[in-house]
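What follows is chain A paired twice: with chain B in the first complex and chain C in the second.
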Partner chain A sequence: MDRNSTGLVFVLPALIVLAMLVAYPVAYTGLLSVTDRQGAFVGLDNFSAVLGARATPQAFWNTLWFVGGSIVFQVVFGTAAAILLNQNFIGRGIVRSITLLPWVVPGIVAATTWAWMFHTEFGIINYMMTGAGVIPEPIGWLTNGSTVMPVLIAINVWKLFPFVAIMVLAGLQSIPNDLYEAARVDGANFWQEVFHIMLPQVRSVIVAVTLLLVIWGLNSITIIYAITRGGPANRTLITPIQIFRLAFESTNFNQAAALSVMFFAVALVIVIIYIKALASTPGEVK
Partner chain B sequence: MGSVNIAQARKSYGALEVLHGVSVNIANGEFVVLVGPSGCGKSTLLRMIAGLEAISGGEIAIDGKVVNTLAPKERDIAMVFQSYALYPHMTVEANMGFSLRLGGAPKDAIKARVAEAAKMLGLEDYLKRYPRHLSGGQRQRVAMGRAMVRKPKVFLFDEPLSNLDAKLRVQMRSEIKRNHQRLKTTTVYVTHDQIEAMTMADRIVVMNGGVVEQVGSPLELYDRPANLFVAGFIGSPSMNILSGRLENGTFMTADGTAFAVPGMASFGNRDVRLGIRPEHLCLDPNGLRAEIVTVEPTGSETQVMMRLGGHDVVGVFRERVVNAPGEMLPVSIDAERAHIFDPQTGKRLEA
Partner chain C sequence: MKLKKLAVIATAMTMLASGVAFAGDVTWWTPNFNEARAREIVAKFENANPNVKVKLEITTSDGLPQRVLTALQSGAAPEVIDVQHAWINGYAQNDLVLSVDDVLKDRDDYIPAALDYATWNSKLWGIPYRIETHAIIYNKGAFKDAGLDPNKPPQTWDELVATAKALSKGKMSGFGITGGGEMGNTIFRSLPFIWMNGGDMISADGKKALVNQPAAVAAVKFYTDFFKNKQAPASTLENDGTALRRLFIAETVAAYQSGQFDIASIKKENPKIDIGVMQIPHPADKKTAALLGGWSFVIPKSAKNPTDAKKLVGFLAEAENQGALTDTFPARKSAMSLPRFSDPILTVFKEMLPYGRAVPNNKNWIQITQAYFDGIQRILLGDEDVQKSMDGAAKDIQALLDQK
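Let's turn to the complex of A and B:
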């Protein structure tokens, strides 16, 4: 055996495991999507059936709403929190740790807790808001079609903005102090420091974090499934949940696989567009 | 343009006082260099003038106005940092125009001012570049340009040349000096390099351990150092300091080496430190006998380290010295140019 094939023998076990763990499920999903329950080849039937379902376009738009809405607020709040936590004030260490909490709490625990807090009759949120006279009568936050999505977005933002905050904070801390001092001598006030020094300097961090948030957002099931299961009336049905329900509630694995394949393709396109768009901005990453 | 008046300025970090009452008056248009060993408080003083460091005591006034509580931007100063502190995400042009932009100046006015400064510094070809695409010397120039564009009352420099190689340092030194002669803006320049201080300054402020040791023009400091610290700090190689006793106009070291010091009879008989610059030793067949330790020819002159009267003494001679270490070299001391200091206080004694 020459050098190359000896090497191959050594990496083979790892490659086989990797293939079984990654390639097999992907390939099998592909296979499932073009066969029926008996395993007979049916061409694109599963795809047309899924696309014909009324829930599919709705889930698609819901997903865009949920992911887009979450990311905007996660990035805005996360960055704002990071800037705040980067200032000098008494008790900063404690506040920093507390900010981290939502990120540490397991998703399912957070979801259940929030579900109770938003409960129409027993939830603390309705209790406090009616008590304070902000709203005249209890609102069915999770049962009302117009409030349920914003509430879920809010919970998702609460859960993930600390992640953005930590990453951006790390970026802010690597900015040399000289730059702030130079800006102050140049006449910058606090907001001008934020917009001319801090944000440009953490731009690359925000770009990377946003990409992660897109990927996680497109995969997020826990919070929504634990709180509403996609209801009421499919108002919070996002595509990952639709796939999950097709597979495990309707036990239609073939259609679920077809939907997965399409979802994967769309997600891939979004991610590629995002990376391309940011890679082509005039190079000013440090 | 403006004057800078520092009166009894103090700085403490908690219980630790690092500046113990510094007073310096800088006239309008003057180029003043703060020089001193590392950690003596030069940067701290400069940053107090800039408003980047709070003033713990005393007063600093710029152009006659006390600025103790004013923010940096209200002091009308510009600063060049050791690290340059250029904004990495802005082009050279944007870096230089940043302060004007913050001040709300119209676009074409900014452009004109930046172009003017760029022309003066030879940066016209680099205006569209980012700082990371510039060499150290070019960055240094951009940092100066950023300060010049402001047309401030006072320029503050904190060791602006210490990141450059020796040759570039010499070149930038004269460039800074030339720009000062053109603009005539009051300048406070921090360095720990006494050559930079000597060559650039109108006046030098020598600091040590948070106090001012002496203020004066470069040649004043060189010719009449006020104390042993300044004597040793200014000049390269440093002044030789010999301990001994002055008796009836003759200086004698502990081992009996003696030579006459004219004009010093008025001191009477007492212990002193005698300072003599290396260039004021000369080869003299009838001189004192010194044992050579090392010989360092630089081409134009020769530096010889030797033992004389129980001290290590450096001499700089225009002649070439061919003797080997261990041999005896006859030297004489140009005693008229010797400096006499009090051994206890370190202060200069005047005849």
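Let's turn to the complex of A and C:
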């Protein structure tokens, strides 16, 4: 046995496990997508049935809206929080821990709690706002077509911005002090430090974190499903929930697989474009 | 060394996957509300069949459809599972459960609509043991406050509308409808109105969508108008059956459709409410209708011990045992004469049973109801009027019916 084949023997168990856990489900999903319930080959019937459903394009746009809206605010608030937490002030440790809380709370717990807080009749948000006279009568936050998606995005932002904050904070702490000192000698103020030292230095962190957020966003089910189940009238239906509904509520695994295959392709394209556009450019931008 | 370890793990995994059932063991999944009664019946069964040991596993109804489906698909299912009637057809069509024609022989003793649910391809795939329909639970005190006679509840649609109008005062909503949460809640409450008006969601042969026909549109309008005219709570779009019960307990909803299972918790949480029950009102010249719901036993195809599973299910299907196990009513007529079903508060619910109908057996039924439910939400949101919304739903449903 030469060195290479010996090495192969050693990684073989890992490869087998990987094949079982990754390759098999992927291949099986592909197979499901071109067969019917009885396992007979049906070509692209499942794909055309899924594409023909009115909910599909709506879910796709909702997904982009939800993921895009969430990420912008997650990154902005997360980075702002990180810069804030990087300053020296009394009680910084406590504030840092508190900021992390939303990220630590299990998604389903957070979603259920928020659903009750936003409830039209029993929710504390309407109770406080009507009590303080901000709004004359209770608002159906989760049932009004124009408020439901922004509310869900807000909850999603609340849930994930601490993650961005903690990652960016770690990046900020690795910036050598010399840079700040040099800048101060040149007379730079705080904002110039933020835009010319901090942000360029943590750019690679933000790029990596954003990629993670894109992937998580495209796969997120918990928050929306637990709060609105995609309703009202599909206003908050995103593609992952549509797949879940098709498979586990309608027991139509074949159409669910077809939609998954298409969604996988779209997600792949988005991620590749993102990596090509951002991750490969040099780390410093003036 | 490593290989050996791997082999051990592999063997262990295979053993786990194949379950821990040995010959003579039967695992039975039953929901938590059945637990106490199920234990008694199991003891009785084990006395009569000393060779068979029954292992009870308690499930909860939240997320149960997904859990059952995962177990059925994985090939590591228990021997007997309690499922809701309407799920059975999906299992049968996906070849996940065993036919039980050899277990259930006395078909005449069963409520026909319950057997309709379990039938596919002219075979029986589940054994119904529990059935129920909705009636309307109402607050007699609220009736008095509104100057209505609580002992003369409305009987027709017009009377219900007038009653709801009279009851809606201040914080009180006259008649609560659902428009959110798990969509089954809204199907259960609105589809009977379509039926009693002579309409349906799809034609009997499963070829044509009927939700945009005049009979269905009138019924959907009747249902959604309670919200439009502010006789149902402002939170209707997020309310399911449980939310309505809470609002009823909080005395902000005066009447709503539900089953007898709500009565106990209302009595417990707000004993001040004087509970009345009425039949679901119908169009003046027509009969009422209700959707028949409830629970059945299925035997998964991958069950390790189908012989004893059938023995257990046969035992559970005996009239006396059905009568003991059910939380509401038994699916067998002969079990209905048991004393526990003679409580006067159940009278109206019992009267509704003969009007109970099964939903159609269509492989895309859930998607069909989803299309309809989306339509209802579009109306409640004010996006579209009833006719336009139901036209859209009919188009979506027709596309599902046209699929091979």
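As a working rule, the second predicted complex is superposed on the first by the 269 of 286 C-alpha atoms of A that agree within 3 Å, B and C clash if a C-alpha of one lies under 4 Å from a C-alpha of the other, contacts with A are read in each partner's own complex, and residues count from 1 in each chain.
Everything that follows uses one rule, which is that contacts are C-beta pairs under 8 Å (C-beta built on N, C-alpha and C of every residue); 3 or more make two chains touch, one makes a residue touch a chain.
Given the structure is predicted, the values throughout are model-derived calculations rather than measurements.
Asks: Clash or fit: what happens to chain B and chain C when chain A is overlaid?
Replies: fit
Asks: Go through the superposed model and pick first if A:186 touches only chain B, second if only chain C, both, or neither.
Replies: first
Asks: Which partner chains sit in contact with A:232 here, chain B, chain C, both or neither? Use first/second/both/neither.
Replies: Second partner only, chain C.
Asks: Applying the document's definition of touching, compare chain B and chain C: which contacts more of chain A?
Replies: Greater contact footprint in residues on chain A: C.
Asks: Smallest separation in Å between any Cα of chain B and any Cα of chain C in the superposed model?
Replies: 47 Å.
Asks: Looking at chain A, which of its residues have contacts with both chain B and chain C?
Replies: Shared contact residues on chain A: none.
Asks: Which positions of chain B touch chain A when the two form their complex?
Replies: 50-52, 71-73, 77-79, 81, 83, 85-90, 98-99, 102-103, 130, 132, 146, 150
Asks: Spell out the residues on chain A that touch chain B in their complex, using ranges where they run on.
Replies: Per the stated touch rule, the residues are 176, 178-179, 181-188, 192, 196-197, 200-201, 203, 284, 286.
Asks: Quick check: in the complex, which residue numbers of chain C touch chain A?
Replies: 2-3, 6, 65-66, 69, 73, 90-91, 93-95, 179-183, 233-238, 246-247, 252, 363-364, 366-367, 370, 374-375, 377-378, 380-381, 383, 392, 395-396, 399, 403-404
Asks: Give the list of chain A residues in touch with chain C in this complex.
Replies: Checking each residue of chain A against chain C gives 13, 36-38, 42, 45, 49, 52-55, 119-122, 138, 140, 142-145, 228-229, 231-235, 245-246, 248-253.
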